[in-house]
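By letter and in written order, the chains are A, B, C, D, E and F; residue numbering begins at 1 in each of them.
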């Protein structure tokens, strides 16, 4: 974090006034000169709802552009959240990597940037890095609570869960887990991040924020049920933060653990993917959980994937075809 | 159908002998000269399992390249079906529009051909038309029973059903519906085809075949459950045909009707798609069933879709983004 | 035209009722199944404004997708034309090759179809051919007057003119030229079509319609001035047709002739295009009118283009680079 | 061939006068309207060298756009052939499918047309079909002798040979074989065409021409040696035709036979291609001639290809990677 | 600028000798290894005309690849400038970002580099950065006067002007403005650069050069008139520098001011762009100056753009379609 | 090399244990999140064959993805090398830039990285830079002998040679040249690297390894002969290193010198490439060695290339078309 204050200012300009009471709908304007617009820009929609003093929550969707529960719930919230229902401030960016969101792709079509690997970002880098930098240096300092929505995207599918990270600062960690519980997803996860380089999560946590993330489904789609989880989660999160006034309704959640490398199975071949268990199904160590069929001929044996531990199927490869190197399944362990 | 016999022979060559007893795994070789292979060809895997006299079933998957229950079940069957379990012949083509299947796309990347709109095909046309022609003039004449697998593909999702068409020849129609019942999907549909131009279905039915089609899921993925439906359906279909010897286990099915244009809802805008009901949910006329959110700004109202009739949600748009012109939902009516 | 009545019906469905009085805004829905929408369609906006009995005018823009005066004037007209100002009917399709218009390209990105070379079209062909067929068999039979807007598009620039063709039926021809005069563009042209294959113009003229076309500018842009010409032209055309009631204001026009092959100059090299005269400038036979500079080195002579006749520069190549085979200039002769 | 005279005229315009004595360099101009040139055209270079009465030879290269011996020798001939050296006429088109030649691809980048499968062509079809039609209806009627250059292109490599077809008309066949002998390539082939649909060869032969084709190398390259074969072959061919006056120098050739389907070996897998014999090497039936290595892992056995007959390796797959369906080798038999 | 001397030498090699008297035409050779040329390079044409001692002018076009007045005038100058007309040296690079110029795009197709945001560049970076570095470290040190041509490119159109920047060093600033006046464009601008990061302008000015830039039109095209402005501007500039000997003819210019953010209007929607005023037209604050029409349906209101100040329309969006974020207009204020 | 130890660990994980005796086939797994696989990875095949103590040889192919002798010989070796034939360890990576190898391209389709210009690499950079970093920091420290296979790729063709660099450390240099001699290619080269930035060679040499590289052919293909050279070269190299036990068979080699810039000829035009001498042919200074024909018209002179020195043709441009800036030929001098 050293040196951050020596950076040039962000090139992104907000058309909303973060300090003004009321509900404002505007844009984050990022100049982006390119072949089809010499003086063009990227306009990322943003809503600020503020009412007097109080905590600020930053709610973001579309960090990856093909994950939909967050954007749906946040476009809805942005339209409907009345200032007088709020104590403090809610900053809503439903589609944070906006070019990726418009393209329906995980990464940005402009620069192939994976936003969640681009933090803390740079004001002089690619457009994706400029977005990360703006979040880091402009939005995060205003926020006390941060909720960043994820789902599996087009290539993964998840049991719906909210999550926070195991942190060195145990008081912060406890605050984060309490916010996860308030979110009230069907499942909740305490994550030990192995590879935190470039993540929004890490950047927010290092700055002491109460940070909650989610995985609410996947496949590049959303269902009425999964959107409902997102919507109720926002409600619980904002009530927990004291920004919405009613006490949060308690919704039960099951804590799910992903204890280590044995949770994950990767494919070593290209083929036709056949799941043998579905999300939420129990599996036992040694159980065959999926197969990959060679597609260049008939009459040959499939490649088989076995569970390396007991648990439930918590995530899986989504597309019908699988490539060598793809993650095919994640097994989680339910806490008692 | 007139003039069919004046056509030049198909350029496709089968490396299997359809008249030989036993199990053979081979290819349909379609010469395809192109920039990256002057004397190249498309090799579509095919399996023939034959045992003495008896009826022939033609089983096809991958008519559209992004629909997976059929290919999974058929690659599995091709590997495991023992000749001595068969009376007659089973011809298995797990991935009929093979270039589309390899690309994971509905249509062929070679010629953008939609195989199920290319029948009866042509021996001198595009590769997709040559495949259709080969099916029409070589495979169909050998078959008595035809089972062609479909699912929703990457852009639609369906309640799982098998189906046959309402036909002028009521005896043929009854034979087809009996085969649908033997397939034993959770749902079964009697379809009145409005626009039959170019379909495999029509081509097979005009030639008097017992023809069954399916829609077993969608989203460009498959689940353990949906693959199970396909696998059990093949078993029931082949037993019904007398090709497998055990009597088919009776699995209950619910007949689902799609009585007219009011079943279908189309979007008139581009936006972020929010389903308000899920597949199988009951809906009543006038109920709001989905919304599409403008994505270029926050703070605006969504476009809303209402049910035009009572029923259950039988199919829906799958991707998180919707485009003007897309079908967003299909409502079906359950028979008592 | 023989055999036209044996064709299957158009797959295009109009959401407007052409026979209903009042102003209706709707779509021509063309089913278009594709990889990113299995049950998708193309929705081409259409407006019908009808008031009692009287003639019907069909007004179309976007026949080529990168020509803008027509679409601007017609979107404006569609929004503002009040039914009670009309006697008869006005059918407005501002962007006829809608996929091309959305892409900003001359031809359709779907099938690379040049709509104005796809007439009379086919109900079973490509999407572009289906649009042409719908115009031919559904819209044209309703129309007495047809005005189809063109400009130069991204690669040509024109002096603004309206035009009609020299026809065998001299009464029809006179009616067309009278309508051109009523349009009142700065220039007017009597065209002798050499190669009429596939044109909307020919299809409409063969069916006896009063047909006017235009070239109102180019470069893939429009100006306040060029849009004004289109807007005033529509007004004059509809008043001439008796559909709008006020008498048309008389605007002077200059008749411009393009008498033969010597009008046209084509490049035989690739290079950097340097115009030596601008649109409307007088040129004399033998005058140097443009140059093309080789771009792979400095110090070499440019390729030079000379006027093959006296006249004014009526059209020119627009982009800064020119390719061998491009039309670089068209010279017209002003009538006295 | 019936109905040919009912076709509309070719849209292609030649800037050379085929009946004028002397050497002319010009273009075949094919109008080609497209997004990047509304009134653009394809300009295919052509040279006509004529001197009084006598036979006409039509010499063509670039039928496939990635085969280079013909174009090199013909651009050189076009520049250097003096009219007074000629008796009769030589028509030279060094790059017949000009868009393919410019792109360095077998087929046309404009329409993916394989020119040698597009004959006799159509004046209203794709650009490639229009070129074929122009050759069929304009150039071929002027010619007595036709020499069409081929090589293996980017994906095949050949022993250098000239060839003619076995024909029903034995006098024509003998004339063709005599011309092959006059060409004097290191190898000469008598071809029995199985699948003659769409070929220039067939179209020319059906019209009674003395037609010679070649395969002079491949890999999308040329060598000093292979260009020399082409250059000397043209010389021999034109002297044989009586168009050049000196008697042709006799160069020995070896006749090579490709007697049937056993000559050809196709790959059934994708992999890394390892040739075990080189062009011209002798092989015996059962000899391992090539291997294909799976590339997704080490430690597995390669797929092996065996000679199905005795002979010499006459052609082979060129690129380092091979795809299922590719032709990997052709074995020829040397005549005694 | 610190550390500049520690950099490795530029990989670019000039085939001209900058110190030799006379006119030389050559290349800047930049090694560029890539898939289609392992040992390839980019050859940017350059001309040096030198005659004894005297000042050096560096004249550059094609900094952006779709701006044409500069390249046309400079290819012409390179061919025609006689050494004996010169006192000192003129270095001419008509197409500085040569890959972009060949592609006709603002940025480089190789690396998507915007050259005018890549200064001072890097000898180990992308090809675009290597070009910038060569200019900075090799060409600029030789130059006293620098003239870098710009126009609006394919997406903007400008009133023709030359310009220099408001600088801290008022003597340098005065020298620059004097050179602008000598250029003698119809309009002249004193620019206060807000965001100077990466510009050629800044790099040259920091090194004390007399630097003039231009905007001479746009739309990706040029006219006889706009090329004439460029040609006369070069003449005036070189005479002002004392490199050409005749005194410069005085051409009147009007000084145009762009005083602040209110000059610029950006679109917040995608749509069909309708200009309501043209370049050079006077506008008053609050005047409607353009509209953007939604294109997905008829019958809706357009989005309207108003002038935020009095002035003249100095620049505008060019393409017929506009995207959210695009600059739609720039208003300038004429000095008395 | 300073600071290397401060870098984060490589993200690449090897599934083989480099310290275990025996033959292991596994993967280098490089996490690579992307649109089509959120949790995907690149799996580069690797084989380790170890037997007790002794030196380690690192054998790599596919540094550039379109060069095939190395990969063929190394996939073969990986499958067949028995542990008990080895003293020490052999690490085999047949396709080091695996994404490039799968695509058949020089550079990586993922990031366009040229691996041999990406050393020493970075653990946080592009996938290509991560591969380079893994080689530098994980594989190289284990190795004493390094053999990195190259050929000309799709765009160059070479006389077959092995080579090492002239080094400051003459003992190391002598060790390298001895290993080149042991490789026993038909030709051997002592290279003076002018531009060593980013090369594997330099990185290995700086770390004191015995490093041998090759150029064994080209054109994006391999022959039985050129693969034989690679196979025998490995054998000689490993015997020389003492890893294989039999003494190396002595194969004669000819030393070839490339003494300076006059060896290399570059094209200044685009055109059709005609070689006038073939690889291995003797040339004399001033001899015409190749031509490039303009392809936009017939009847013009070709551009000619002359030898700037005496020698033999050691390398040449391969594709039939040449572009300005391409290297067209390299002349070498045979040592006596």
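For the reader, a short list of remarks on this structure follows.
Basically, a contact is a pair of C-beta atoms (placed from the backbone, for glycine too) under 8 Å apart; a residue touches a chain by one contact, two chains touch by 3 or more.
Protein identities per chain, from UniProt: A, B, C, D, E, F = N-alpha-acetyl-L-2,4-diaminobutyrate deacetylase.
Keep in mind that what you see is a predicted model, and the values were worked out from it rather than measured.
Listed by label, the chains touching chain A and chain F alike are D, E.
With chains reduced to the mean position of their C-alpha atoms, the one farthest from chain C is F. At the chain B-chain D interface, residue numbers used by both copies make up under half of all numbers present, so the two copies contact each other through mostly different positions. Chain E has its Cα centroid 58 Å from the Cα centroid of chain B.
Chain geometry summary: the mean Cα position of chain E and that of chain F are 43 Å apart. Rounded to whole angstrom, the centroid-to-centroid distance between chain C and chain E, based on C-alpha atoms, equals 36 Å.
Within chain E, residues 27, 43, 66, 268, 296-297, 319, 324 each touch two or more of the remaining chains. This structure has the following touching chain pairs: A-B, A-D, A-E, A-F, B-C, B-D, B-E, C-D, C-E, C-F, D-F, E-F.
The touching residues of chain C, when paired with chain D in their complex, are 64, 66, 105-107, 114, 117, 152-156, 195, 197, 266, 268, 319, 323-327.
In the complex of the two chains, the chain E residues touching chain B come out as 268-270, 296-297, 324. Only residues 23, 25, 27, 43, 45-47, 66-68, 71-72, 75-76, 78-79, 92, 94-95, 101-102, 104, 157, 219-225, 227, 272-278, 281, 293, 295-302, 318-321 of chain C touch chain E when the two sit together in their complex. Only residues 8, 11, 27, 29, 31-43, 124 of chain F touch chain A when the two sit together in their complex.
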